[in-house]
Structures are given as structure tokens and as C-alpha cells.
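Note that chain A is present in both complexes that follow, paired respectively with chain B and with chain C.
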Partner chain A sequence: MEIPYIFTPRKDTGMVNSKIAIWLFLASEVMLFGGFFSSYVYLRLGADYPWPERALPVLPGLINTFVLIFSSVTVVFAWAGLKLRKWRMFQVSMGITIACAAVFMVLKAIEYNVKWHHQAVRLKDYTILEGHLDYDKKANTGEVTKDGKPVFAEADQIHVATESLTFNTLRFHKPWVEELLRQAGSNGAKVELAEELSIQGEKIPAGTPLSVDLLTKIQKNHIQSRTNNSDVRTEALRAEWIATYAKPENADKKGWELAPGVNIDVAKIKDQLMLETPSVTFAVKPTTNFWFYHRDVKEGATQSRLRDDTVLNGKLLDSPVAFHNLDAIDFRHVVMKAEEKGIDPVVAIENTWLIKNSKEAREAWEWNKAQTAKLEQQLLEKHGKDENGVAKRVPTATERYRIGWKDFIAKADGVDRGKEEIHVSEEFMGPNYKLREPKHTFPHLKVPRDLVFLSGKFTPAWNTYYAIYFTMTFLHGLHVVGGAVVLGYYLFCGKKMYQSNPEWLANRVEVGGLFWHFVDLVWIFLFPILYLM
Partner chain B sequence: MADSPEQIKKSIKTYTIIGLVLFLFTGITVAVATVPALDIGVHGFDVWDMILGLLIASFKATLVGYVFMHLNHEKKAIYWIFFGSMVFFAFMIALIMSAKSDPIHFNGFNFGLPF
Partner chain C sequence: MSAHAATADHSHHDDHGHHHEPGFLQKYVFSTDHKTIGIQYGITAMLFLLFGFYLMMVMRWSIAYPHEPLPGWMSWVFTDTWKARWLSDGKVTGDTYNMFGAMHGTIMVFLGVVPLGFGAFGNYVTPLQIGAVDMAFPKLNMLSYWIYLVGGLVMCASFFMESGAAKSGWTNYSPLAGFADGQIVNQWLAGQTQWLLGLVLLITSSLLGSVNFITTIINLRARGMTWMRLPFFVWAMLVTGFLLLLAFPPLEAAGIMQLADRVFHSSFFMPSGLFTKSEGLVELSGGGSPLLFQHLFWFLGHPEVYVLLLPAIACVAEIIPANTRRPLWGYKSMVYGVIVLGFLSFIVWAHHMYLTGMGPKISTWFQITTVLISVPSVILLTALMISLWGGSIRFTPAMTWACAFIPMFGIGGLTGLPLAFNLVDLHLHDTYYVIGHFHYVVAPGILFGLFAGVHHWYPKITGRYMSKTLNHMHFWPTLICMNFLFFPMLVQGMAGFHRRWYNGGDAYLAKAADSTNVFGQTVAQHIDLNITMSWAAWIMAAFQIPFIVNVFLSLFAGKKVGSDNPWNATTLEWATPTPPGHGNFTFDVATYRGPYEYSQPGAEKDYLPQWEKPATTAPADAPTQAPAAH
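Moving on to the complex of A and B:
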């Protein structure tokens, strides 16, 4: 069926149908993004932590803004080319538009990648540390992983001096059982069944070595036993109910009145029940240090639990979070909490674990204090005081209480804040550790595990700012990709239509272009809101 | 509508100029946010920076809508559709703002403005 009014305008609206359709679609898009923008406002106004103002690198965002504006110009040129019946002009302009979309997405991918590889840790005293965790290449444990990679100590690992392992027979994860066996093997330890087990008449003696096959066998038996026992209990209960209802004195009574008196006689069904084994314990001889990545284990002083419910019984060993490059220290949350309690922010900061225990952090804090004092003096000289004798302009909370990676570089280079030399690649990717290594720019720091409140990468889970940032920019990125696909279709598959009906193709490109301008329009707001405010 | 070849040729010039204006204002947005000498209000980010940033963004968005999206010579139906959605958007923002104002101890809307 032919769609009406595709290239000749409808009389009542004066437009082609596709134009009305795209504008209706764009109106729905305004409401969709409007919803997210209002969520942003709500999250920002209601944040119970210092909102990360101007936290994103401006240069990639600025380049992306230029790229999108430029592509908005080229997409109207492409449309004009079709209107002027200049196929070459259309081709070139549209090609540039699509290339711009690609550049935009590449820059976005770099920005996301940097976030996803940047570690953040919030201590229990609200100090926030940022940087990169790494393995200590000198502390090779001599072990190798299943993939043959050497195991280094001091990463974000949990170490447990394990005396015994208790597996959940339904949930155990085979690769982790194999990993435990591997670690036990490389430490020369034996993992053996702690107590004798009876499986459908077959006795498995204590001391049987742990294996995936054995656990699978126990699992099968447990499932069978559970099914059988549940059937037996249901049958016995049904018989009890039938017997209860059959009694003449119960004839007029309701079920809920009789229910308290209806119980299974366990003694009767005892012989039919099979032994269930919901968990099984294996002894580790001798006590051995097992380690797992932090993401896979919930640690405890005497018991740690893997995500598959396997319990490692034993003492939690020293498992620090080791920063090999600590590139930012943020005290703004400490200050916020101190002010809520009416404590002097500087006193609160100087009583944090970090300042008390790390010489390098203390030096950085002292340097930052001196820099802030200098800035305060400069602002006072330039802008003076108001009629109440209060300085008109003062350093921001970020300048006072956050020591960022650029500050560490300035400190190492021996220059004032803002005077440091930043490599262009660092403006996109963050600090280049190799480049800065000779000057020991970024401190090495070990944080005891029990001081860590929250640790993670800069992902949506870190805080509501990153949640809304990723939601909005990802949704916008999807629009960029979608728009580029449609415009690319016109470019690469439009020649035939151009030859038969160029006006139709021009209308299509105009409609596609309208969507593209909308994508640009959303970014015009996203850029200042997320990068500059 | 600018449909004749002469008018389209004329529009190409307009599009180029508007593109350059958009470039310029993008530069201004970044400059007022990052260059200390151009900082308005108190030192660092504050409500005045927010107002200025959003005003520039709105101006840029208006140019894109007005010229690139041809809203300067569009049919009435389009205005109804687009501005209808804008009203909805304004309503949503107003709803959020009013939700932030404590409904029990209500003492006027506070948008964080210093007056």
C-alpha cells in the first residue's frame, strides 16, 4: 500500500505526513529527556553528599560539543544539496555528519572507559580516595591463576586463614571449587570431608578429598531427598486431614478451626524420610591462606562468605586496599558531616585516619592548605571586603578540601596550583602514571580493610551523580548512533531514490535532519549541566 | 518555505553564520566557567553561573530550533506540538521544585536564588 502525502503536502495541514510524525516524535522526546533533566534537578537538590561540581574533564566534552554543532551544519548542507539537486554536495556533507557521529562516540567511549577504570574508596570517616589499585609486582606469591597468570599480593584481595570450608550443596559454583582446590594444592594443603556422610545407604568416610564430582553427588542426593521428604510429608498431612474431617464431632467445624490440631506424626513417617544435606563441611589441613577478589567475597572476622554461599571458616588476614597511585583525596564529605555536627572542618580533617597515618597525604594536605591560603589572599587583594568586613570572594569547598590529580602534579613539579603542565592526553585519559612516576607524584597507600565503607569504580553505583550522568549521556549516545544509522542509510542507499524522486529523498533527509538537530539540542544542555556546573 | 534554489543558496549562508555563532557561544560557556577573570557571582560555581550557563544554552538551543529546524517558517500545527511538549516539560520541572519545598513548613518556593 502506498503511504499518502509523503512528498506532496496534505491540504489541511499544509505539510507532508512524515514531518508531522517526526515532530510528534520529537515532542515525545522532549518529555523523555525532560523527565531525566527533572530527575537530575531532584537528585542534585536532594543529594546528601557534596555534589561533584565540574568533576568531568572539560576538553573532551567541549570537542564533542563542537563536533555535534558542526554536524548540525553539515546535515542542513546535505539537505540543501538535495534541494539544489547537487548529489556530490549531499554525499560529502552527509559523510561528514556521519564521521562527526563516529568521533563523538569514540570520545564518549574514552570518557566512559576512564571512569570504569578509576577506583574510588570511601572510608568510614567519609574521606574519599581515588586512584588506581594495582598488584605489587615485587610481591609475587609464586602462585599462578587458572589462566597461567602469576598471582601478586596486595591487590583488592581478601585473605582468609581457612580452617574449614562449608559448601551450600545447592548453590556451590564449580569454578570456585576448582579455584579453592588449586589454591590448596599450591599451598600443599589437603581439603577433606570433616565428618562421615551417608548418601542413600552409601557411606562416605571422613577424610574423603574434596572434588567437584563428590559435591555434585551430594547435591543430587540432597535434591532427591528433599523431593522425597516433601512428598512423604504432604501425603502424611493429607491423611491427617482426611482422618480429622471423618470424625463426627468435627462435622460442623471449619478448616481453620481444626488446623491447630492437625499435625504430622513424625514417628510414623520416620522410616520413609531420607537424610537431607543442605550443606557439607570440609576440613583444610593444615590451615591455609585462601584469597578471593573483594567483589566475590563478603568478609568477616572469623567467617567469610563467597557469593555462592561457600563459607570460609577462619581468621580474616590483613587484606588492605592497596593504592599504587593515589591521585585524589577528597575531604568535602568529611567537612559536610563536620559542619552538620558543628565541628571545625579543619580539625575534623586533621583527625581523619588518612592524615594521622599517611605522611604523604599529610604533606599533600599541608601543601593544599598553603595553596588555598595564597588564593584567599589573592582574592582578598583583588576583590576586597564588603561593608561587614567579610571577603567578597573566597576559595571554593573544592579548592579547600579536595586534592585532585592536577594538584598532586603541581606539588610534585614544585609550582603553584593551576600552573602545572598537563600533557594533552592527560586531559582526556586522566593522569599518566608512567610519565609522573620519576617524581613520585602520586602516593602509594594501603588502607586497612576494616576502615573501608564503600569501594568501587566510577560507575552508576558510585553515587547519584554518576547514575544520572551515565543514564543521560548513554541515552543521548544511543540517539547519536540511531540518528547516524538512519542518515547513513540515506547516504548509502539513497542514490536510486534520488534518481527517481529527489524531492522524496530531500523530505526524508529533512526529517532525519530534524532528529539530528534535536540530538544536538539535547547535548547543548547536557554539556554545561554535566561538565560545567 | 525556503524552497526555491535562490532561497536555499541564501539559507546556506545563514546556516554557516549560525554555526559560527553556536561555536562562539560554546566557547563563551566554557570561558565563563573556567577563566577566573570572567567568573560572575562569588568565586567558583554558584547560582549566577548556573543562570548564565543555562541562558547561553537556551540561546543556542533557540538558534538551532529557529534556524536549523526551520521553526522560523513552520506551520501552526508544528508550533502546537512542540510548544505543547515544552509546557509539559516546564510542568515537570515545576513539580520537582515544589516537591523540594517542604509541604509542612512551606515558606515560599526556594530555587536557591540569593533574593
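Moving on to the complex of A and C:
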């Protein structure tokens, strides 16, 4: 049995099977990316925060655009090579295509990596701070690594001076229990069972040290007791219902009429019930500082709760977000909120916690104001006013209200905005802190935890722009990798196919090339909407 | 090197015209033959349907008897630990009800009906009807089945996880679905996340399937099989393929974004200032839109309705002509109707979202398109109905189901009309009326069509007929129970019963005593219907047993077919040996006429199969035979 039209096109449709299939597949892909592009439009139009414009480094994106366009040309040469039966031409062109894919992915990886290591914080007054975090030495709990070096908590953690821990026996997360034990161990603290516990006749004395095994044992007991009790109670309730329905006066009544009168008689089944242990408390001696990543903790003044329902009983310690290098300050969100309320933006900015409490931030803001005024003057001189006496061009909101890392460099170098010298690596990787250190370009800053609304790296969690940026470019990246793998297969394993039937390989490469063009086309749309607009 | 040797060996066999005998695994499990894959799809889908049905029975207990422990005959499936975790004193809890409700919908739609209609019937019948040796991409076809199976298992595995399975309804609306199971530390292991992973796999599977189907239909038609000679079944599959191809990707986009919301804490569908009872002000960036999810979901969701429907209507359209011995009435209008239907189904989605306050202009547009789409639907149904007119009907088992399909689907369709209108929908939205409406479409409508299909093609697949007696034991009780199950829903819905009450409205009864609370009294008047409906559901479950017995028993004890064409039908699948071997046809297939030439004037027999060469086209035979035939 042989499937027809694999090598030679069917006469009335003029196509081989794989060509129909790839066009259908591409139609489906158009709908997939169409869904994402529509979502982009929807999210951007509906955004209730200043949409980041030109927030990404343009240079690597631009290079990637040309790399992909170039590879689309070489993939056609590869196909032509096969059609001309020039194996060498195919090999070289296809090799270049795949090399281009590699260059594209490397640049992409650098871009992602920079984002994932760059901190962003949104304060409750909508000020946005960007930069690199400190490893806060004061918050360090005195732990040491195996080599005797001190372990520092990254300065975006919640610290709790814990007196006791209460675990939810069903939901405790093993790695976190281990982490608690590790932190306790390196502080020389003991975590011991607070009260004697009796499980199925066996007594576990108070003072038994915490271990995952112990918790698992208690968990097992709890599940057994719960299962037993559930059975007993179900049977009791069922018996109650049977008895209720059996009464002659209830003959015409419906279940919902009788329900209020049907209850389990707990006294009757008391002996059959087993003790459940839904939670268990361990004392921490002496009181010890535990720290967890802030997203995993719901902090409270005297009681903080981990996401697995483990309660840390004790005082919440000072857990600031400490910037070692604050490389951008963004007031656009402050301004947006102020304008909604009809407040003068400059007044709103100057009333923020940041401007009131940080000398360096205030200086940067004053510098930025002066630069904006200068720019306004220049624009007025260059473009003039319209017939209503309004300046034809004015500085943008970004120029007015955002102090970016390049601005900090310009300020430290004592030059006007836009005149700063940027090292070429900085165009790809963002500011080079070591290079800028001598001039103290970027301020240090400690933000109290209770002022922070949201803090994290530049990940999809930061805002919907980064969410759609990562999702779309990641998906596109997957397509690049997938396409390169398929084309690479033809390059490295296609020789046999070529020898047996060159037209076969040519068909395959044509289909792969169509896909490759599509991947290129998607990027042509992605680049402007994510990098330029 | 051994692989090379095996290949060489294989080709050596082929060269000499021997058939390489595949092993058991290759023949029945990892088969690339479209017929085996179709059967695999069919069995898997029916098992999922059974499971979905079971979930519904538990839910119906909670609705009818919310205060009473689940009876032993229903709860024996669960382990004791599971019962302790998910039942409260043996009663179904709200969480458990939500979980079963969400999974009932998901399983029935994505894992049951679509794979049965499109995956099973489509796979088995389509290549046969167009005279192809197999699908265009047999390996892709196999991959499609396995991805579907894995996706389904991933979804269902979550029943046994700490979080339980998804609980946010089959529509999975954010922000609820973005938060659900938030207490699970490793979000990849939460039921709600597994649902999304399963969904992405299912979409991948249906993408591969639809590409394969469309390519096959376009490129692998036999000689003479022109577009207007395609059986209606194939047309319906072609349109279904396009719906799957183009409507699913936006849901995949939504699924990926919701996955990001859950796992990477993005805010695609999370608005600013979200406040929950358990978490307070939620620590998320916000700025997203829950409405965006609804748009993306229903952009798939509506075409999906036709993905469910078209295979069923396709089966019925094959069965009716074969059993009335008349051509399908209005074949061409049905073909054009189904194409228009497919097209229109892409621009009606927001009629599921009238309650979101989209404004009069947009809702008017969607009202118009929604009412428009009833035109091709009615064309299809009317054509089927008129096809019965004046036919000499044979009430074969398949025909009984096909005949019941028409009025039952008709009720489903007509009860949908009021929902098309914004003003009426505002009242009926999210009530049991909606549930009644779409269950009339899906259960006694689509499932009846698919049951018909099982009976119709069973003799081709196995070489034996299914039992008529067992079919009567299955058919009549099912037909009656269906109506007792779904008609009261329409009544309750108009009285305002909400679709997600886990206790069937019981919570409102206390308020009925308060004479000023009119709604409580309305609930009291209609709450007893819950019991009627629940018993109808359970009795119906019992009467599915004859069907299951019939399917398995007939394999061994069914009456053997007398020929390869037991129904004296005209389409190409009946030209194959019974059951068809690998490669399907034993002769060089060619098509000479349209698909439904029954009772043609002047013909010797009452059917002219598509593959039979007409005498007139062979001039050599003309003097002896042609004058008699025409």
C-alpha cells in the first residue's frame, strides 16, 4: 500500500500532500498568533497603567530582524540548490540559515537574561523603581556555607523572628520544611514538638525534634483518622435518614422538608471516632529569624503564613527591598493617577515617599526637570508655535517623568541628556555597574516593605506588557528552534533522501522553507509592536 | 545497523508482493491504519463518555438530595480516603460538585463527543468514502490519537491529586480559574493547571487531525470523485476540519496565557485591584482583562458546537437515504448550507457574552449573525426531514436513532432561538434553560446521531449486525428518559434556577417561608422537578447497559452479514471487503455517479453504487444493455 501524491503533485489540485498540509498548518498558526496579536491590542488599549514604550533594547532586536530576513533568503537558496541538483549549494545555504537561527536565539537569550536579573518595584504610591538588589548583610542570619562563607539573603525577602511553627498536616510542602530545618540548623536553633501528641495509642512526647518523617507520620495518622471518622459519620447519617423516612408521619414529605431535623447523634458514635490532627505546632528555641521569598509569605505583624499554610508565629522583622544600584525611576504611573484625580503631576511627584526621603532621587528629579525645560526650549526654538500659540512639539511623558539609566549616566558624566557615552555592551546588556561605579552613577536605596505594592524581576508577572512580550517572543523562539531542528535534519540527514529522490528532499525543504518564512514574518510584526511602538 | 537491516528486509518483502505481517502492538496499539485508529478513538471516547456520565450522576444526587449521603451504589468507585477528602459526612460538597461539573463538561465535549464524532467516525469512514487507501499522513494520524489520549489522562489524573481536578467550570473563566488551587505550592501539580496542559495537548491533537483530514479529502479522492459526488458525510468532515483548524488556536493562545497567569503570576486576565476573601488585595500587577479570556474562549466555543454537531448530522445524512431508499433531498443545498454554517459559526461567539454589557450596537450585530446561522441549520434539518417523505422506510436500528435525532435536535435548536436575543438572554443567561437547551442539542441530538452511526457501520467493521432486541431495550428507555431529564430543565430555567447550584436551590427554601421573598417561593414550586430529573438520569444510565452488552456480544453472537454491502447502500465504504484490510480496496476504485442514487427510474435495482460502471460509458456493451437501462 502506498499513499499517492507524496512526490508528484496531483493533477487537478496541482499540489503534493505535504504542501497542502503546510498551508493548512500555517493557516492555523495565523489564527494562533492572531489570537496573541489581538490580545496585545486588547491589553494595550485597555491598560490602566502607562504602557511601556520602547522599553526594550532596540539594537539587538534590529539585528535579529535582519538576521531572520537574511536567513529567509538563504533558505530559498538552499531549495534552489536542490532544484539545480547542487548539493554543495544546498549545504552551504542551509548551514547559514541554521547559523542565523542560532544567532537569533543567542541574542534572545541575552535579552531574556538581562530582564530576569533586573529588579523592579512598584510602591503603593505608584512610583516605580528599577535596578539591582543588594545582598543585605544586616538581614543575614549568620548562616555559613560548607566553605565557611556567610550566606546572605537577597534583599527581597520576608524575615520573621519565629517563636513557633504551626504546620497544616495535610498541606505542608516538604522542600519548605527542609528549608526551615536548614535555616534553623545553621542558626543553632532547635525546632521541637510543642505538646505531647498521641497518635493511635503511640505517644510522641513534647520536645521531639521536627523532621519530614515525623510530619509524614502525623499526616498519615490524620488521614487514617479522617477516613475512619468520615465512614462512621456517613453511616450514622445514612441510618438517620432511613429512620426518618421510615416514620409514618414523614411518608409524603420531601427530603428538603425533613433535612433540618436530620442530624448525626454524635454521642452515639463517640467511641468509634478517632482523634484527627489537622495541625501540629513546633516550638523554635531560641527565637530564630526565618526568611522566605515574599511571594510565598502572607506577612502579618505577629503571624505570617506560608503558601502551604505553615504559620510562622513571631514578630515580623524589618524586611526592606534594598537597591544596590537604582538605575531608573519612573513617575509616569504617579502622573497618570494624579491626572485622573485632577492633581498637578509635579506636585504629586514631589509628594511621593521617594522624593521626600531620598536625597539622591531628589537630585535626579531636579536634574531631569532642568533637562526637560532645556529640551522644551530647544523644541520651541526648532519647531515654533502653532496659530493658537501652543508649542508644536513638547517633551514626551517619558522624557518628563522617567529617569532612565542613560539619564543617570548623563547626570554623573555631567553632560546633557542624550550626550552620554554608552559602551557597546551596554546596548545589549543594560548598564555596566562596574564601569559606572567610580562616579557613583547609580544611587543606593532602601525601601521599607510596607510601602511596596509589587516587587520582582522583569518577568511576565511585572505587568501585562512584559507578560505578552515574553509569551509572544518565547512562542516565536520555540518556532525558530523547531524550524531550525527540522531544517537541520534535512541538512544533516537529507543526503540519503537526496540520493534516492532529490525531488523528495526539494519538496520537504520547500515545505520547511514556507514555515521558515512564516516564522520570519511573525518576527517582522513582533519587532515593531514590542520594540518600537 | 539492525534498523537498516529491518528496513531492507521490509522493502525486499514488498518487492516480491508479500505482505509484511505486523506484530500485535503494531497492528492494534501503535497502528497507523486509519480504521484501527478510528476504532481506538471510538472506544476511548466511549469510555470517557461513560466516565462523564458517571460524574453527572453524582452531581444529580447532590441536586436532588443535597442533605443525604451519596448512596453506596454510586460511591463505591471512590476509595475511602478519597471520600473522606471530598465528601462531608458522605454528602457531596460544593467544591466536589464544582469539580465534577467542570470535568463533566470538559470530558463530554473535548474527550467524548468530538473524538467520537470526528476522531472515530471521521477516521474510519472518510478515507473509505472518498476511495483512499488511508489518510494522507498515517503516522500523524497515530500521533494525533496518542496525544489526545495523553491529554485526556493528564486532565483526569488530577482527580487523584491533592488539589483535585479543575473546579472552575468547563469554560474556565478567569479570574476564578487564574486563582483556583492557589494554595498548591507547585502550581504545575494543581488540577486547574493540569486542565490547561491537557487542553493544550488536545488542541495539538485536533490540529494534527484536522490538517490530516483536510489534506486527505482534497488530495486523496479516488478517480471520478468530484466535489459534488462527495457524500455529505465527507463534506461535513471537511467543514469540521476547518472549524478545528481555525477556531482552536485562539483558545490555545488563551490557554497559554492562562497558564502563564497561574504559573508565572502574570496578569493577562487579572484586572487591577482584585480583592479576594482569602488573600485580601491580591499581589499581582493587574491591568489585564477577564473579558479577553471570554472572547478567546468563545471564539473557539461556538464553532466547537458545530464540531460536535456536524459529525452527528453527517451520520444521519448517510443513514436516512440508505434506509428510505430515496436520494438525500437537497444534497446541494445541504452542502452549501454546511459551508455557510461553518463560516457563520466564526462570527457569532459573543452571544455567549450578552451579560457582559457589550452595548447595543455590538449585541445587535451578534443577534443578527446568530439568527442568521439558524438558516443553514434549518436547511440541514429540513432536508433530512423531507428526505423521509415518501420513502419506503426500513426501521433498522440505525434508522430508529436517526429518526429520533431529527425532533430531538429540533427541540434543542428551537430552544436556542430565544437565547439568541439579547433581552431574553439577560433573563435566561446561566439558568437551567441554557443547560436544557444545549443538552437537548448534544445528548438526544448529537449522541443519538452517533449511536445511529455505530449501528450503521458496525457490520462493516465487524462483519456482524448488532442485535435489534437489545437496541429496542436501549433506544426506547433512553428516548423517554432523555426528555424527562432535559425538559424540566427548560421549565426550571424559566423560573430562574441557576445552573451552578450544587444543592439544587435548597439554599433558597428557607427564604420561601418569608412571604415577601418571591424567589424563594418560585424555587419551592419547582424544586421537586430535581428529583424527577435525577431519577430519569439514573434510569437512563441503567438502560445504557443493553448497548454496552450489544456492542460486545454482537462481536461473537451477532448475525453475520450476507454481503459486503449489507444495507444496499451506494457510497464507497461498502465496496470494501468486510472488514476492510490494510489499504482498504481490492480493486482500482473509480467513481461514476453521485453519492445517493437510490430508486433511480429505469435502474435494475433500487440503488446504484458510486463504484459501478454505468453501461452507457462503455460503448462496447452499448448495443445489448444501454437501451434497457435508459
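Simple rule for what comes next: the second predicted complex is superposed on the first by the 459 of 533 C-alpha atoms of A that agree within 3 Å, B and C clash if a C-alpha of one lies under 4 Å from a C-alpha of the other, contacts with A are read in each partner's own complex, and residues count from 1 in each chain.
One rule holds in what follows: a residue touches a chain if its C-beta (ideal position, glycine included) is under 8 Å from a C-beta of that chain, and two chains touch if they have at least 3 such contacts.
What you see is a predicted model; the values in this text were computed from it and never measured.
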Touch test for A:520: chain B only (first), chain C only (second), both, or neither? first
Once the structures are superposed on A, label A:229 by its partner contacts, choosing first (chain B), second (chain C), both or neither. second
Which partner does A:241 contact after superposing on A: first (chain B), second (chain C), both, neither? second
First (chain B), second (chain C), both or neither touched by A:14: first
Determine, for the superposed model, which of the two partners chain B and chain C contacts more residues of chain A. C
Just chain B (first), just chain C (second), both, or neither: which does A:259 touch? second
Report for A:454: first if it touches chain B alone, second if chain C alone, otherwise both or neither. second
A:295 in the overlay: touching chain B, chain C, both, or neither? Say first, second, both or neither. second
Does the superposition put A:35 against chain B (first), chain C (second), both, or neither? both
Scan A:58 for contacts with chain B and chain C and give back first, second, both or neither. first
Between chain B and chain C, which residues of chain A are contacted by each of them? 13, 15, 20, 24, 27-28, 31, 34-35, 38, 42, 46
Interface residues, chain B side, partner chain A - complex: 3, 5, 8-9, 11-12, 15-16, 18-19, 22-23, 26, 29-30, 33-34, 42-45, 49-50, 53-54, 56-57, 60-61, 64-65, 68-69, 75, 77-78, 81-82, 84-86, 88-89, 92-93, 95-97, 99-100, 112
Touching residues of chain A toward chain B in the complex: what are they? 13-15, 19-20, 23-24, 26-28, 30-31, 34-35, 37-38, 41-42, 45-46, 53-54, 58, 62, 65-66, 69-70, 72-73, 76-77, 80, 83-84, 379, 392-396, 398-399, 513-514, 517-518, 520-521, 524-525, 527-529, 532-533
Which of the residues in chain C end up touching chain A in this complex? 64-69, 80-81, 83-85, 87, 89-91, 133-134, 136-138, 162, 182-183, 185-186, 207, 210-212, 214-215, 218-220, 245-254, 256-257, 260, 264-268, 272, 279, 283-289, 292, 295-296, 299, 506, 509, 527-528, 531, 582-583
Listed in rising order, the residues of chain A that touch chain C in the complex are 1-5, 10, 13, 15-17, 20-21, 24-25, 27-29, 31-36, 38-39, 42-43, 46-49, 122, 170-171, 173, 176, 223, 226-227, 229-231, 233-234, 237-238, 241, 254-256, 259, 262, 264, 295-296, 298, 307-309, 453-454, 459-464, 466-468, 470-471, 475
